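Just dropping this structure here.
The chains carry the letters A, B, C, D, E and F, assigned in the order they are written, with residues numbered from 1 in each.
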Amino acid sequence: MRPSGRAPDELRDIRFTRNYTKHAEGSVLVEFGDTKVICTASVDERIPRFLRGKGCGWVTAEYGMLPRSTGSRMGREAAQGRQGGRTMEIQRLIGRSLRAVMDREALGERTVTIDCDVIQADGGTRTASITGGFVALADAMQHLLDKRVIKKNPLHGKIASVSVGIYQGTPVLDLDYAEDSTAETDMNVVMNDGSAFIEVQGTAEGHAFRREEFDVMIDLAEGGIADLIRKQTEALEG
Amino acid sequence: MRPSGRAPDELRDIRFTRNYTKHAEGSVLVEFGDTKVICTASVDERIPRFLRGKGCGWVTAEYGMLPRSTGSRMGREAAQGRQGGRTMEIQRLIGRSLRAVMDREALGERTVTIDCDVIQADGGTRTASITGGFVALADAMQHLLDKRVIKKNPLHGKIASVSVGIYQGTPVLDLDYAEDSTAETDMNVVMNDGSAFIEVQGTAEGHAFRREEFDVMIDLAEGGIADLIRKQTEALEG
Amino acid sequence: MRPSGRAPDELRDIRFTRNYTKHAEGSVLVEFGDTKVICTASVDERIPRFLRGKGCGWVTAEYGMLPRSTGSRMGREAAQGRQGGRTMEIQRLIGRSLRAVMDREALGERTVTIDCDVIQADGGTRTASITGGFVALADAMQHLLDKRVIKKNPLHGKIASVSVGIYQGTPVLDLDYAEDSTAETDMNVVMNDGSAFIEVQGTAEGHAFRREEFDVMIDLAEGGIADLIRKQTEALEG
Amino acid sequence: MRPSGRAPDELRDIRFTRNYTKHAEGSVLVEFGDTKVICTASVDERIPRFLRGKGCGWVTAEYGMLPRSTGSRMGREAAQGRQGGRTMEIQRLIGRSLRAVMDREALGERTVTIDCDVIQADGGTRTASITGGFVALADAMQHLLDKRVIKKNPLHGKIASVSVGIYQGTPVLDLDYAEDSTAETDMNVVMNDGSAFIEVQGTAEGHAFRREEFDVMIDLAEGGIADLIRKQTEALEG
Amino acid sequence: MRPSGRAPDELRDIRFTRNYTKHAEGSVLVEFGDTKVICTASVDERIPRFLRGKGCGWVTAEYGMLPRSTGSRMGREAAQGRQGGRTMEIQRLIGRSLRAVMDREALGERTVTIDCDVIQADGGTRTASITGGFVALADAMQHLLDKRVIKKNPLHGKIASVSVGIYQGTPVLDLDYAEDSTAETDMNVVMNDGSAFIEVQGTAEGHAFRREEFDVMIDLAEGGIADLIRKQTEALEG
Amino acid sequence: MRPSGRAPDELRDIRFTRNYTKHAEGSVLVEFGDTKVICTASVDERIPRFLRGKGCGWVTAEYGMLPRSTGSRMGREAAQGRQGGRTMEIQRLIGRSLRAVMDREALGERTVTIDCDVIQADGGTRTASITGGFVALADAMQHLLDKRVIKKNPLHGKIASVSVGIYQGTPVLDLDYAEDSTAETDMNVVMNDGSAFIEVQGTAEGHAFRREEFDVMIDLAEGGIADLIRKQTEALEG
């Protein structure tokens, strides 16, 4: 039924390539099928003004798409002189999600910036960014521990994210572009390794969804995220 | 328990003042307690480039806060030269929500812009904007019908929006600022008059929420939104 | 003769609603007939860089129009990424005018920002902004006195502003939009309660005005402003 | 009494150098003493969107200061990414003033842009810009007549501008920087060759001026402008 | 002598990975040692306004660096709201260089945009961009030929680019970051397969170079570029 | 052969007018034939953040063209809200070139800004800017020596710049607009008074140039620059 031939509750091939680039404290190429995102974690000893002198750090995120990561070329945001609304929405979501598993006092007065740059898009770039961004963040925290910059790992949990939606009447997990562009309902879910929710963002432009559909989609997301967290853990131990 | 003394499932005083300003096709002052938003609907005979020649119209929204609608003065976005990420996120949400009950072919090749300008903020400005924006949009559609610009009302349903959250361990409806600023979980829900969901945006920065909590919050939202739609209907018939 | 039926030297209905919104140190809705402007005065303990360490404060103003305060919707300046020339001109005028009655040493090293946001426009928005802005400023100064932040009221006078022009050959006071849009000469005058001039800005695009016309317009403005200052005083004492 | 030794009603040395640069349809270096402004008039066969198909043209102006035209270097507006409020105010004034003597139907559907670039500032740059801009505009109109692009000179009058102010208690004409920076009252007047007023912009930041002072300043301006128009005429005939 | 142990006239390992991403008409990952750049060529049926109706096409380029492609994180240009001077300089250079081997009439009225996005920087990102950009452009032209959009290959030659400089007194080819950051003279050369020069950009900040040094550097560049063109050809034939 | 009748190795009339404007520490009008640029050098006691506390100063440059310095009016960069790529490229070149003869320690912790504003363009504005900018810089350094702000002249050499190109098959020196707009090869060279190279920027858009042509152009540039440095010296001694 699905264009890719996957079962409704089946993720795409998920891959994490750690140390993908050499300069960042954490650098991961995450692939959700044909969606490919470079996630880097950069540690900076400065913190935003509103946090100065409060003894805790910050985690923030920025998101971008290479102009030809998509089927037709998109204008480069740097050339247009502003980041669009979609970009801002996504990078705010990534940052909030990652802060949810971070003990910011243990991090100390420093900032970690997660850059998520999509080099190839095939649906689900924001969920791939969160899922891959967590791995980059974990690597950066290990780097600080190894260098004895911090004493205790500030991560108090794990998170991952996946999309769910209703495609031709069937609830499905981890939509690719072929599904995403025709599905009327689309939900992005972020959960932690304790099966609790960090973010739920469901949107129905055109077709409103009923409580039962909602519940099935949440069930699918729970299963998918548990799977993703397992794969993250393997990658980090690998 | 709640700072305002309200019951957990109790809305604030809700008021709609139609024809609040004189120029717009629809103009409503919406009040959710001390949160006050001017919502206007403006009809323009032009449509965005990507819709030209397709025989259907567009509904979009813009959101702003007066600099001193809040406890301490915020910088004016026009002076800063850009709309912030939060503003963009909110106005995209309002626009998507209102398009969900709009038959864009019946509207014809014209654009309706819903402007939501917060003159006093006390929590829940985005849910008040959607709820009041719908009333302004309904008035503007009636105006077009009265003027025989269109033959059939393009609205095929009603929508309203409310926030729910967990305040000191208790799920509560329609958070005011005193609750919102200390609640760890906050969810904005948009539903239609058929009890179906248009948008669900739940965020847990710090405290992740469990499936049971999620379900109770959704229940609260369903009740609150049914109530709000009743009040909208009364206002529109009044 | 006048579209509104007013006598040439007759003001529109003038109304001041103090404490219009709850957060600002001074908050006034000013109405000149159908022109309605929210004026708030916000006190901030910081001052601009060029005044640091000089022992005196600053008064500045910002001006905006809600997109649908006018007959056809205007683009939102925040969305366009810049304030237009007209906006800048007006807010500079408001700021200069209010500084003319302010003892900036008595204010101390703090900034008062007057925000003038037009919610409905029907001509004369800048004169209404100055006149209402003064009332908001007076309330904010009283607030600082009541809180014993300052010892002496920094206001050493009162100001108000009105427009005059030549409509169909007759000099008239306080032009509304119907007059303003066809009048060829338009003058905005700001005066204090000692009958002295703070600002005179007369513009003739198309029809130049003669010295005699000029003198009659100035006479009209003197009378109108004396009246406005009386009404301000009543409002502040009310 | 005056720093320059001039009599109260005495202009600075005024000089117009026509054909100052070679490309523009009109190009004038205007000098008011040490204030030097290059004014060019450029004719373009396009008109702004709001005038299309109406059979008449447009005159607009832009103003800039070279960064080191002043005593201490000012930031370049192009580098700052925006024109400041003062620049916008001045260029709007120049454009409005010049349109007041222009028969826009006789001009036909074309735009004349007057660029006023200050290469050395010593007070009165806006009045010099208007006065010199008129000469550049007159040359550009003659150029169009000579080339038979238009049949009739669209200029139906002449304009010039001068500043007046109160310096150490005495009303004076054409203030230089030494006077301007200490004078409390400052007025810019634009008049035509029929002794009628185009613009009057009087500002009293700190010291309000009385009706008698106002009248004397206007008298001074009338005399100065008559003189300036004589000098323009000589320059154009020379 | 060189930090990398290379001979003075030795290139780094050069690699071209064609079809690196799936959407673009041409997509190449180019590696000059640790410098890695994704070059894509996108064909668009629109052309810039200044070329409309002239029967020929356009080739342009954009350049960007991922924020953490470098040793310390750089601010994202999209977030800063403008492209810096260095970015503009580089993308103008890439565009000019590629246009030099393009028969723009054979291309027809379409635009090819070469996007060069640096994912890892280790010196020489602009020369790698030009060299890899050519391969992407060649693939895109072949794509148009295969699809019979054009009849004749618009490329009438090949180009490549390399840097040369003086490192510790010795002229060297293809500087990496360790050399580049301490070399006082740095030159980027673009040549075609006919041994002719397209661009020469030599800079001596601090140490000026003599004619003899200049000549030796040019000799080195000629050899290196011949080598690079050989490698491009192998990659395109592979 | 040349449109101007000059010999291939003949410069245009070169003129330097020192003290062209009165406020700057150095102010020079430089003319290369009909190309006229005002170059000012401004000394500021502040330095950029990245140099603080390092005991040395900075030299930077900004470049602009008056809108009607060219044959058809160019949009004003301040009005467009950004400096274009060409402007950035040129001002970076001017700054780098002048820093090459500056002992930044002898300058001390201060910044010199060279502003180059083109009032009339006829080809070669960047080479005129560098050549005139050097004279302005020399005057500013002498000013600091005269005022005993510095003890030793930080200039350890002289620089000048000229363009060379191939016009109708013949290598020529100092191209004017008539030549520049049709020449296919264009090179800008900056050299010092020790006959060494500071910058070489050669561009062939369309026609690539051979090594022999390259060598002849460099020979021409060497001769022209020696001549220009002689003229600078005369002007500075005059």
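What to note about this one:
Here is the rule we use: a residue touches a chain if its C-beta (ideal position, glycine included) is under 8 Å from a C-beta of that chain, and two chains touch if they have at least 3 such contacts.
These figures come from a predicted structure and were not determined experimentally.
Listed by label, the chains that touch subunit A and also subunit D number zero. The fewest steps needed to get from subunit A to subunit C, moving only between touching chains, is 2.
Interface subunit A/subunit E: over half of the residue numbers present appear on both copies, so the contact uses mostly the same residues.
Between the Cα centres of subunit C and subunit E there is a gap of 59 Å.
Between the Cα centres of subunit D and subunit E there is a gap of 50 Å.
With centres defined as mean CA coordinates, subunit C is found 33 Å away from subunit B. Within subunit B, contacts with two or more other chains are made by residues 81-82. The cyclic arrangement of chains, read from subunit C in the direction of subunit D, is C, D, F, E, A, B. Residue ranges on subunit B touching subunit C, taken from their complex, read 21-24, 27, 34, 36, 38, 40, 42, 44, 62, 64, 66-73, 76-83, 87, 113, 115, 117, 119-121. In the complex of the two chains, the subunit F residues touching subunit E come out as 82, 84-86, 88-89, 91-92, 96, 99-100, 187, 191-192, 194-206, 208-211, 214, 218, 222.
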